[in-house]
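Shared between the two complexes below is subunit A, which pairs with subunit B and subunit C, respectively.
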Partner chain A sequence: MHIPDGFISPQTYLPAYALCAGLWWMGMHRLRARLDEATLPYVAVLTALSFVLMMVALPLPGGTTAHAAGIALLAVSLGVWMAFLAVSMVLAMQALLFGDGGITALAVNALAMGFLGSLSARITWRLLRPLHEGAALWLAGWVSVVLPALAVALVLGLQPVIAQDAAGKPLFFPFGLRVTLPALLMPHALVGVGEGILTWLGYRYLTRLRQRHAT
Partner chain B sequence: MMRALPLALLLSVGVPTAQAHDLQYTVTGGQAVVVRLFYPDNTAFSFESYEIYPRDGKLPVQVGRTDAHGRIAFLPDRAGQWRIRTFSADGHGLDFRLTTDATAGLSGSDKPFYERHARIVVGVALILGLFGLLNLYIRKRKRP
Partner chain C sequence: MHRANHHQALLLAYAGAILTATLVHEPRHLALGLLLVLILAGRQITRILLRTLRVVLLFNLTVSLGYVLLALLRHISPWDTLILINLRVLTLTCLTFLFIARVNLFQALGFSRTLTWLLVLAYSQALALKQVHEDFRLALVSRTPIRPSLRDRYRASAAAAAWLLDKGLAGAHQTALALRSRGFFDA
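Right, the complex of A and B next:
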């Protein structure tokens, strides 16, 4: 789901950077007081887990690949802002050091996966937790993959409309919404199943670990 | 005889037009730059779109789809830098450059700095290192 360089227009990534910069600043401001020596090891380990999960590509039917991200686990365990900043850090590292995901597309990737993924996971979990915690965790994981995929499909699918040359040829990503929506949503709906299980198992393990440390 | 003359003239005028529709071909061997595109699990990036542009050129010199093995065969006609863009409908793709020399052979290309497995180790080490530094900073800040 990492959008590479050259796929999105400046009309898209410049406003995305402006919005993302505001959210990064707000996130850091909010977390400054919350980060302490007890929280940091959890954040570090979950961020590293998210990074590893994003690097492990799973082959899918149709000759494509996708990956889990651990974003919902970060969001339900540590909150939206922490998850957003952790995922942004992972995406920035991948783009700057390893060429995975574009530098121009970093803000769009961070907004889709980091912010929308975390926010949707956290809201789903908070709303459904009173009904059934396991189902709430699973659905949080599923939503954290599918909603960002929808956002990325919209951003990519709108590029032919946003930026064209004089002859009407798309200057950036060439496929429209009719192509991008099924192409992104179908594989990620499948990946979301795995992400949901990972969120459920991971959260249970972390809760047990925290309880053991508390006693 | 006189009646046949206009017909002969008409046919002779029509010959070049007819030849223009007669598509022919030749087969030769040539030196091609072959780019293979694949996912980290070695699945080929097959039958996906690509475009090749000369350096700073806005019009592509070659467009098409990768073959079943995810390959692009490109025969550059001069030395220089070329930009290759590939994209699939689900948002995978690359935008990179390669350089060919005067004999149209490959002389350089963008390469990721780290190999896949090394990236995971380097990335995890970096993340843990950064959080370690942050931990030290927080301790220092809280010290009276």
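Right, the complex of A and C next:
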């Protein structure tokens, strides 16, 4: 889902940055209210863990690999706003410290993966938790991958319509929705299965660790 | 303070350059921009170019070949679009790597105490955990003379993730105590 620079038009990334800035401000405001010796390092460490989780490649049959993101795990453990800030921080670190992922795509990625991913995961988990916690965690993980993939596919697929020259040729990402929707949704529906398992196992393990560290 | 302002000014200049490069749609102007970035890179030109190619090659090659195929099916020329898109991607990515090489992001974000603290904590933890992740990868490679099976690689990934979670939580507890003892939360 990491889009390099140069594929998203300013007509897209400028409004995305404006929306993201508002959400970042709200998130920071909420974080500051909860900021104490427990929350600040906890958010920082889970942010770092999410960063590393994105590097832990999950092998897929056929020789390819996919990486986990830990977004649902962050959302169910820390809440939507903290997860959104943590994922945004990871994406910003990847773009500005390691050159991975574009700076023009940062806001789109933060909105899709950080906000939509966290929100959808948290809502799924809250709604389904009373019925079956394991299923709720798995579905939260799956949704946190597939919905952002859908959002990114829509953003990329609309670029030829949003930004084109006088002759109708695309100025940024050149493929429409007919290409981007299957190209992004099909592999991410599979990646979501792994992310769901990771969320389920990760949450159980994290709960056990918290109990151990508390005693 | 003076250095922090210098880095903040460079951050603003970088943001301006990024915006400009996405507003320009003339390939010759983008080529001039790329040339300027490479001149500014000085002795780091080879390193920046190689890093750029490593990051963009796979994605751009996939998009470019796909677009050539699409253009052939639609009987249109793909070259104007491909030259424009690839020049823009190269210019922007080289610019980002030049920014990374020249600007201290921690000082550039010095206007926000909370943001700087979060970045410092997350970055230091990420670097340490990244090293550990690489150690785990090398350990698996060195202990398996034949290519590890899918099951082995899943188990190794799960063990690495579990260890990182454990280490992360223990680190969070230590950092919390260190911050509290230094009065960070008193202000």
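Note that the second predicted complex is superposed on the first by the 198 of 215 C-alpha atoms of A that agree within 3 Å, B and C clash if a C-alpha of one lies under 4 Å from a C-alpha of the other, contacts with A are read in each partner's own complex, and residues count from 1 in each chain.
Convention: a residue touches a chain if its C-beta (ideal position, glycine included) is under 8 Å from a C-beta of that chain, and two chains touch if they have at least 3 such contacts.
This structure is a prediction, so every number in the text was calculated from the model and none was measured.
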{"item": "Superposition on subunit A - do subunit B and subunit C clash or fit", "value": "clash"}
{"item": "Partner chain(s) touched by A:175 [first = subunit B, second = subunit C, both, neither]", "value": "both"}
{"item": "Partner chain(s) touched by A:144 [first = subunit B, second = subunit C, both, neither]", "value": "neither"}
{"item": "First, second, both or neither for A:97, with subunit B first and subunit C second", "value": "both"}
{"item": "Touching partner for A:184 - first (subunit B), second (subunit C), both, neither", "value": "first"}
{"item": "Subunit B versus subunit C as contact partner of A:152, first or second or both or neither", "value": "first"}
{"item": "Contacts of A:77 with subunit B and subunit C, given as first, second, both or neither", "value": "neither"}
{"item": "Touched partner set for A:210, first subunit B, second subunit C, both or neither", "value": "second"}
{"item": "Contacts of A:199 with subunit B and subunit C, given as first, second, both or neither", "value": "neither"}
{"item": "More subunit A residues in contact [subunit B versus subunit C]", "value": "C"}
{"item": "Footprint overlap on subunit A, comparing subunit B with subunit C", "value": "4-7, 35-37, 40-41, 43-44, 47-48, 51-52, 55, 57-59, 89-90, 93, 97-100, 102, 165, 173-175, 179"}
{"item": "Residues on subunit C engaged by subunit A in the complex (per definition of touch)", "value": "18-19, 22-23, 25, 51, 55-56, 59-60, 63, 66-67, 70, 80-81, 84-85, 88-89, 91-93, 96-97, 99-100, 105, 114-115, 117-119, 121-123, 125-126, 129-130, 132-133, 150, 153-154, 157-158, 160-162, 164-166, 168-173, 175-177, 179-180, 184-185"}
{"item": "List of subunit A residues in touch with subunit B within their complex", "value": "1, 3-7, 35-37, 40-41, 43-44, 47-48, 51-52, 55, 57-59, 63-65, 89-90, 93-94, 97-100, 102, 152-153, 156, 165, 173-175, 179-180, 183-184, 187"}
{"item": "Partner subunit C, residues of subunit A touching it in the complex", "value": "4-7, 9-10, 13, 28, 31-32, 35-38, 40-49, 51-53, 55-59, 61, 68, 85, 89-90, 93, 95-100, 102-104, 165, 169-175, 179, 198, 201-202, 205-206, 209-210, 213"}
{"item": "Contact set on subunit B toward subunit A in their complex", "value": "39-41, 43-47, 49, 58, 85, 87-95, 112-114, 116, 119-120, 122-124, 126-128, 130-132, 134-135, 138-139, 142"}
